[in-house]
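First subunit A sits with subunit B, and in the next complex the same chain sits with subunit C.
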Partner chain A sequence: MVSIKRTTIRDHAHRRILKDKLIFGMVIFLSMVTISPIILIIAKLVINGFRQISLNFIIQNTPGTFEAMTAVANGELIPGGIANGITGTLLMVALASVIAIPIGVVTGIFLYENPGKFIANLTRNVADILQGIPSIVLGLIAYIWVVKGITNGFSALAGSVSLAIMMLPMIIKSTEETLKMIPQTIKEAALALGVPYYKVILKVLIPTGFSGLLTGILLGISRIMGETAPLMLTALGSTVVNFDISKPTSAIPLLIWEFYNDPNMVSLIWSSSLLLMGVVLLLNLLSRQLANSSI
Partner chain B sequence: MNSDKITKIVLLSASLIILLVSGGMVFSLVKGAIPTFHAFGLNFIISNQWDPSQGKEAYGALPFIAGTIMTSVTALLICLPLSFSTSLFLGEYFKDKKIARVIRLMVDLLAGIPSIVYGLWGFYVLRPLLIDLGLPNQGFGVFTASLILAIMIIPYATSLSNEIITMVPNDLKEAAYSLGATRYEVIFNVIIPSARSGIIAGYILAFGRALGETMAVTMLIGNANVIPTGFFDTGNTMASVIANQFGEADGLKLSSLIAIALLLFLITGIINAIGKLIIKKMA
Partner chain C sequence: MKENIEKIKDPIISTRNLSIAYDKGNYAVKQVSVDIKKNSVTAIMGPSGCGKSTFLRAINRMHELYENIETEGEVFLNGKDISKMQVIKLRRMAGMVFQRPNPFPTMSIYDNVIAGYKLNGIHIKKKEKDEIVERSLLDVSLWDEVKDSLFKKGTFLSGGQQQRLCIARALAFNPKVILLDEPTSAIDPVATSKIEDLLVKLKKNYTILMVTHNMSQAARISDYSLFMYLGELVEYGKTKNMFTNPKDRRTEEYLTGKFG
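Entry: the complex of A and B
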């Protein structure tokens, strides 16, 4: 009687330990599955894309579809590059930053300075919701506001506005979070010296939280740089380098989309994606490095 | 007026700009959608017709609402075991270990990959694989799109639940261990119950992401303006139909696309608000 009971207890313990090991193995396995796409994607881009990357790829405009077809037929690399996309991306990201960074940082400061106020709570909630709005909807908004309302046609400005709206909540959030970490005493010390309020903000709060602010900004830029959908509805694309913000403009993601849809240009998608991903991930890592070193 | 007052006004006005922009967005979407709701009424939401032919134009959003829900829910189901395991890996099994930092960085980098690159990878790598496995429709369809979507939302689901799991107090876990609990018993009887609302909030926010993803889905779902009849059937989501049909749209069609954008705006807004509310309740 006793011996039977003992074996069932031992069996039960065995089963529990076995189950524990099983779950552990599954966690390891599924975690590896989770991170495998990042390795596979980067590998695919590097293997298929590196051959095309050269100086010409960065300083020349996109080739015509006929040129590309001839090159592919002769077994050569497709001539030309994506200079129009690179300059377009730089232009639109810069313009979006110019719009979003000041408004975002100042709003973040407002939220930090007035934590309990109704209007601050409202703004915080609205910014939270804004962060979740799909980028294609923001593209449609910029189309209605800028393409239809201001530039009377597809334009870099419209693209920038959609990207700026996307960037705003990220900057507001990171500004507020950064400022919250600054010791209250530093601000009080400045105020006690009779420093005017705006100087406290410009000379104390912003410099102290600078690396935190920069982290948020870099992360925001890396996020909007790869956006395609809103630009399809706003900037449209262009085959030449364009710096006029009221004219249609290309961007690297837009070019990838064009290459994807043009059978003759298909081999250009990998090098363009490699370049785009390289810059985006670099910015991402840089901001992370900055965030770690600032704490 | 002194400088302090001016500073306060500047701060306030930046905040008002945010409110104005957001209010303006709702206003513009509603205004743009009016012709559609004027023509079809609320039938727009439950009609499954999408016929742009001149003279007998008829638009309904149901196929796209159905497509959006099907892809997002499937993506969430695929993402669930993966991201949950990963957050246990990061927040429990290898907490504060070097390997956890590396894995965490890789998961975070997943969030940095542009949507269009996911689309390309899905089109050129995943789709041929699925065709070999016998998927119909050239590998296009709800399932393929969901698979890519699942990968895309993993970082959003993982980062929050990982954070919450890390925050579960050690004394709770130690109490269970001292009673002789195995690790998985601690996970299922202590960690999950006490981190539940945070984990759920993470998945809700990830679901909100999945609803609005555009490019990758557009490249993989097959772009058919009908209600998908199965998981391997082609379809369209609300976001992908806007991307697809926008190019040749004006008049009533454009208005219908704006109406779809309005619905998408409302749905993602509500989903996000619920997620944030749960997080706020926890804090």
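Entry: the complex of A and C
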């Protein structure tokens, strides 16, 4: 009787250990499946794109088709670079940030301050919906508002507006979430010192939640940096460096699209993607670092 | 006034029919009229939820930050109606210390002490700032422990040190009264006894009004005690008398541990 019982117990234990091992193996396998695309992508970009990256790649404009064709025919590296794209991306991301960050932070503060109010709930829902709108539609909106309405033609401003609308809900949400994480008692400590409310927000809440706010902003930037679709309808592209916000402007993702359409430029696709991916990855890591170091 | 409520001459704080409701008609503090003696330690006791914190926070008008809270009756500080005072003046005169130590996490120890000046944009000379910081930290017996690390973040200190820093932050404004809401409930016994000693020392220059969940703490350090029950002030008098000879049955039951 006793011995029978013991075998059953041991049997159960054995089965449990086997089950544990099986699940562990599955978890490892699935993790590999998840991370392998990103490893494969990075490997591909590095192998195919690294050769083209040099100082010239960063400081020169895109080459003409003919120059590229000659270089390819002679088996040389394609001359020129993507300076017009880099500066365009920087210009439009900066302008989009200038538009979206103040509006987003102020709106986030408003949501945090009036959690139950009808208008706050409405704003929160609108932000959610905005986040779900396909970026090409935002491009269309910016096309109608800015390209047709303000600059009378494709422009960096129009591109920035479409990117700003994309960035806005992310900043609103991260601001609200960050402020919610700050203990109420920190706020009360300042109020108990007689500090007026607006100063509590400016001098206590924002500095205390600063790394959280910055995290949201960096993630927002890394998100809009790679956007292509809305820029096709707004910024259009340019073969030269342009800092005039009322003129068509290039951007790195736009260039990648152009290179894709030109059989002579194919090898530039990889180097441009490598650069873009590197910057976006860096921003992501940086924001993760910040998020961990915050309260 | 009721017979179980001691009368005090020249009180620093007086409340008259003070009632406070979080929801309309639902009072957390009911018709409290009491006078607090200057340069004394007064303990507010009572079971959890009886309205101790609510009462304390009425004295520096913390309630007006929340729209739903309604306050009736009057509070006088140093003979003046607090509802007619400027908020900043009132809060400079009545410093507050909270249950959990709450130094500003972005500020150094030094800046935490003078946070009241910094955040309000009150400009004072560097020399004066140094003096205020040193005096306030000396007052809370923290100076020797932190004088070499004044520019480190306040949040690096231990819980007990942080709480003393928060008291120093209140003292920096040279207040008349210090309102403390269970200041030792979140810190260890050794740090607690340091803070208790400190409060007894501070009553020479300030009036201490402190909520405590801990009867023996009230017995150890307070001169007067206030016993609240379900929002009402049940009994108020010299701590010694209240502990040895409580007048109200509910006070007696609380002090003998029948509830709470």
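Note that in this section the second predicted complex is superposed on the first by the 264 of 295 C-alpha atoms of A that agree within 3 Å, B and C clash if a C-alpha of one lies under 4 Å from a C-alpha of the other, contacts with A are read in each partner's own complex, and residues count from 1 in each chain.
Please note the rule applied: contacts are C-beta pairs under 8 Å (C-beta built on N, C-alpha and C of every residue); 3 or more make two chains touch, one makes a residue touch a chain.
Here the structure is a predicted model, which is why all the values come from computation and not from measurement.
A.B. asks: Of the partners subunit B and subunit C, which touch A:M232 in the superposed model: first, second, both, neither?
C.D. replies: Only subunit B; A:M232 stays clear of subunit C.
A.B. asks: Classify the contacts of A:V126 with the two partner chains as first (subunit B alone), second (subunit C alone), both, or neither.
C.D. replies: The first partner, subunit B, only.
A.B. asks: After lining up the shared chain so the two structures overlap, which partner does A:V33 touch, if you call subunit B first and subunit C second: first, second, both or neither?
C.D. replies: First partner only, subunit B.
A.B. asks: Quick one: is A:I59 in contact with subunit B, with subunit C, with both, or with neither? Answer first, second, both or neither.
C.D. replies: Once the two structures are laid over each other on A, A:I59 reaches no partner at all.
A.B. asks: Hey, is it subunit B or subunit C that touches more of subunit A?
C.D. replies: More residues of subunit A are touched by B.
A.B. asks: Looking at A:I47 after the superposition, I want to know if it touches subunit B, subunit C, both of them or none. Which is it: first, second, both, neither?
C.D. replies: neither
A.B. asks: For A:D20, is the partner it touches subunit B (first), subunit C (second), both, or none of the two (neither)?
C.D. replies: A:D20: touches subunit B, not subunit C.
A.B. asks: Between subunit B and subunit C, whom does A:E188 touch in the aligned arrangement: first, second, both, or neither?
C.D. replies: The answer is second: A:E188 touches subunit C but not subunit B.
A.B. asks: Report, in rising order, the residues of subunit A that make contact with subunit B in one complex and with subunit C in the other.
C.D. replies: 196-197
A.B. asks: Where on subunit A does subunit C make contact in their complex?
C.D. replies: Checking each residue of subunit A against subunit C gives 183, 185-186, 188-197, 199-200, 203-204, 207-208, 210, 295.
A.B. asks: Would you pull the subunit A residues touching subunit B in the complex into a rising list?
C.D. replies: My answer: residues 16-17, 19-20, 23-24, 26-31, 33-35, 37-41, 44-45, 102-103, 106-107, 109-111, 113-114, 119-120, 122-123, 125-137, 140-141, 144-145, 165, 168, 172, 196-198, 201, 222-223, 225-229, 232-233, 253, 256-257, 260, 269-270, 273, 276-277, 280-281, 284, 288.
A.B. asks: With touch defined as at the start, can you tell me which subunit B residues reach subunit A in the complex?
C.D. replies: 3-4, 6-8, 10-12, 14-19, 21-22, 24-25, 28-29, 32, 81-83, 85-86, 88-89, 93, 103, 105-110, 112-121, 123-125, 151, 154, 158, 182-185, 187, 205, 208-209, 211-215, 219, 239, 242-243, 246, 257-258, 261, 264-265, 268-269, 271-273, 276
A.B. asks: Under the stated contact criterion, what part of subunit C meets subunit A in this complex?
C.D. replies: Contacts found on subunit C: 60, 62, 65, 87-92, 95-96, 98-100, 102-106, 115-116, 118-121, 166, 169-170, 173.
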